[in-house]
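Just so it is clear, A, B, C and D label the chains in written order, and each chain counts residues from 1 on its own.
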Amino acid sequence: MIQLQQLHELFQEISKRIHEKRDELCELDGFAGDGDHGISMDIGFAAACAVSPDEFTDIGEYLKVCAKSFIQAVGASIGPLYGTAFLRAAKYATGKSALSAEDCVQMIQLGVAGMQERGKAQLGDKTLLDTLLPFAQTLRDSMDAQGSWADKVKTAMQEAHAGMESTREMVANIGRSSRLGERSRGGVDPGAASAYVVLQAGADLVSLRVGEFAG
Amino acid sequence: MKKILNNPSDFVDESLRGIVLAHSDMLRSVGDPRVIVRSDAPVRGKVAIATGGGYGHLPVFLGYVGQGLADGACVGNVFSSPSADAMLTVTKSIDGGAGVLYLYGNYFGDKMNFDLAAEMARDEGIQVETVRVTDDVASAPAEQMSKRRGVAGVFFVYKIAGACAESGASLEEVKRLAEEVVINVRTMGIGFSPCTIPASGKPTFEIADNEVEIGIGIHGEPGISRQETAPAKELVSQLLAHLTADLDLVPGDEVSILVNGTGSTPLEELYVAYKEAHSWLSQKGIKIFKPFVGEYATSLEMAGFSISVLKLDETMKALLQAPVNTPFIKQL
Amino acid sequence: MKKILNNPSDFVDESLRGIVLAHSDMLRSVGDPRVIVRSDAPVRGKVAIATGGGYGHLPVFLGYVGQGLADGACVGNVFSSPSADAMLTVTKSIDGGAGVLYLYGNYFGDKMNFDLAAEMARDEGIQVETVRVTDDVASAPAEQMSKRRGVAGVFFVYKIAGACAESGASLEEVKRLAEEVVINVRTMGIGFSPCTIPASGKPTFEIADNEVEIGIGIHGEPGISRQETAPAKELVSQLLAHLTADLDLVPGDEVSILVNGTGSTPLEELYVAYKEAHSWLSQKGIKIFKPFVGEYATSLEMAGFSISVLKLDETMKALLQAPVNTPFIKQL
Amino acid sequence: MIQLQQLHELFQEISKRIHEKRDELCELDGFAGDGDHGISMDIGFAAACAVSPDEFTDIGEYLKVCAKSFIQAVGASIGPLYGTAFLRAAKYATGKSALSAEDCVQMIQLGVAGMQERGKAQLGDKTLLDTLLPFAQTLRDSMDAQGSWADKVKTAMQEAHAGMESTREMVANIGRSSRLGERSRGGVDPGAASAYVVLQAGADLVSLRVGEFAG
């Protein structure tokens, strides 16, 4: 089972990695966007980390405050997308003090669905969904199958990576870059890239602590 | 980049601080310096109007906060949406019990944040409705009206919805009228030269010395064509041909028009455009009721202008004449 | 040159035509399209205020014609004095029997024409007095105050003399008060980049990408130094140090200030300057009474700004709050 | 004696010559001024020509209307300078239907004095006065001397020419160009150049019609 404290550690790990990639992500956004994506993600996850887990026992309550903290820190596109995902996940987790692997998969599903509802984007629109949707779907599909969680996550991460890479040849169809049409082709979508960083942080924690997750 | 600023990352907050310091009699910020409401908010029993969006478009958005227009606004970074949290704060600060209308330009980032804010506000028991302004004819074809962006025509929606709210109408009525205005307003712009976003330090687009961008967006989004500069008469008739066709205007119709400067185009030139618009419309038998000329929605120091046309009925005419008093826009 | 114009030689007249068409309820031209007076002129028994100068400085000069400010204005070509004949026409059209005050910026071309007009007006039995505004501290040393040019500070003189005239004061009283304001107002500007006069098609001056001109004149006249751009805080403190020293301000003094944009500098940046001015003055113990921020005197699309400081007394404070209503400037 | 009709012809001649020199004068003004001097002079004298002499018998009345016509057409610096000169001359001529040579000299004196009063410039300030003052003074000084009017005018014109040329090495001390300081050195003052054209037209008429003037 995953404890509240571990979620906090996950946010810390994501925040650390996003911070390291901050300039790289801004550069990606500079290609067809306004060059601020690394900043927004950095600020957003730093805000989520700043919520102290010690004051909570209910994971739902904790995640709701993290969501609001993220939303407070970031507007742009990323604020409402991740904010909505966190809020949807928080709703599911309300009343829980620990999460099973199934709970996690369910929350990822709900979160990504929230992003899709908020942003109205489809697979192939050159957004973070091109990373997140394949990941979430592969993970869910593998839920009842044989094999370790570590392996399942690894497979899902391969799909996430392929999805992210596929945005390179896409034409942006939504959001700020869509106004460039054909000219938006040729660069990885920054949101897709940062989503991969987020997932990778989660995946690495899973493989490090594979025992706990199995528990 | 020669600009009046200190650290580019402090630009928005320092500018807002200046606004609140200079106009403390009419505006105040609520916690977050990027959330600004009229000083008498909430006005009890009045439908409140909230707006917001990226910074760099003054008097859009803060400039429309005051008597006869909006009740509160929040802004994000330059050309970037403010957060849903800021919008929620505006909402809670201006709700006078009669509900809140979210009224803003149709940009996806703003929509996502306002929608999330509306969800959160409703959770807290506040009635919220939304109207998005879609006046930019160059941003999508007529059949996809809901995809069109909001530009300077938002002025007319603030003006008429604001006057309507001030008159004591219900949230449903204010919303319905705002939608009516949105259906009847069209805008098209021409860009001469770009602006520079302080944080990036680079021009928003490139354009040759003898070229103009017809149908440019308020953040420098490409329009429908790039062509050689032409005399004022031609540029204006090009815009008006698009606008009046899109609005299905016929001789005898009455309109208000707004000739809007996008930043660095001199007022003197805007009046040349107005003169041309006046004679073009007169020739077509279209009557101008109450024209507006000036900077009503800018893009920092972008050079260029836009023309907005609003097809009027008697209700709109009456509300167009109602008084306005904000630090940026006044009407007696 | 990308501008909204047709034939450059028609620029002034077409622009003026647009102004009169758009604001026919408040302004009218008298014969000569370059002579514009408030529509209710002459106001019987009221001292009339006439102004004028080169075109290209909107809202200076026409923008100040209306209730609470001036009664009439005439303009010449861009940055060039209007004729004495136009001034005489203004004078005759606005004289309500209580005499006319000529109030304008101290430029020699304007002075020659206004002086000749005054001679001719007196020949026709009209009482005329003159006050020239000399607020530009960078244009001559303090000992040669009468050589200083008039720039954005003219706003304060229009405002206070206009309110005084509106209150029914005599020509002598309005003149005396206008002189009092002139003695107490100082301005200094900073130029970032030039403007282009339509008829010449060439920029008014050249300046490097990283340089600013401290003390620039309203037609791009060179100032007191050219230096590298600096943060807003430094630029503002440089201006205020000059201005407050020239005015002999001491802690406890009360002032109004005007942060004026010269054309293409975004309003957002002007408020950064205001914020810096506010903190600089507060630190020196100088109190700001009623600040103004915006475009009050421009040079077409020149980029830059100026700060004007007016040392106040109780009379001026009261008149500063009086209402104003012109198509360009309004105060409730 | 000079008749009203001849003054009209003089204005026509001046107007013709100024019109021919229009671009040249603008170019001179472009050096340190705003490049409009040729246009202003052209418009001004065209306006003076447009006044029909047939409706007048009083030279003063006629000149007054010419002055107002000039003033109506031109603002800038040239309008009030020439306008004032014409008005001063008109005042002198009021009541006269013909002018003697002495009248003409007197009117030139008064006109130039009017320009000086209006413009507050001194000899050496790099203005039209550097052409006009030496001319007027030389003519007046020669009034009671021996010799033909044609010769006297010729001598005065030499002084005018020298005066005009002297502006080349002057630094502008008044008017629009004065802001350039040292940088205004090196070009003939446009107002001084156009004043010479004006005088030359008058001088040529005198030498052409020397008989009439002697009369």
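Keep in mind that, in the parts below, a residue touches a chain if its C-beta (ideal position, glycine included) is under 8 Å from a C-beta of that chain, and two chains touch if they have at least 3 such contacts.
Listed by chain with UniProt protein names: A, D = Dihydroxyacetone kinase subunit DhaL; B, C = Dihydroxyacetone kinase subunit DhaK.
Note that the coordinates shown come from a computational prediction; the quantities given were computed from them, not determined experimentally.
For this pair, chain A with chain B, the centres built from the Cα atoms lie 34 Å apart. Separating the CA-averaged centres of chain C and chain D is a span of 34 Å. Averaging Cα coordinates per chain places chain A and chain C 57 Å apart. In terms of inter-chain touching, the protein chains here are arranged end to end in an open line.
Pairs of chains that satisfy the touch definition comprise A-B, B-C, C-D. Listed in rising order, the residues of chain C touching chain D in the complex are 76-77, 79-86, 108-109, 112-113, 115-116, 197, 199-200, 217, 221-222. Contacts from chain A toward chain B in the complex involve residues 30, 34-36, 68, 71-77, 79-81, 83-84, 118-119, 174-176, 179. Residues 2-7, 11, 14-19, 21-22, 55-56, 58-59, 192-193, 195, 209-210, 212, 229, 231-233, 235, 263-275, 278, 291, 293, 295, 298, 300-301, 303, 305, 325, 328, 330-332 of chain B are the ones that touch chain C when the two sit in their complex.
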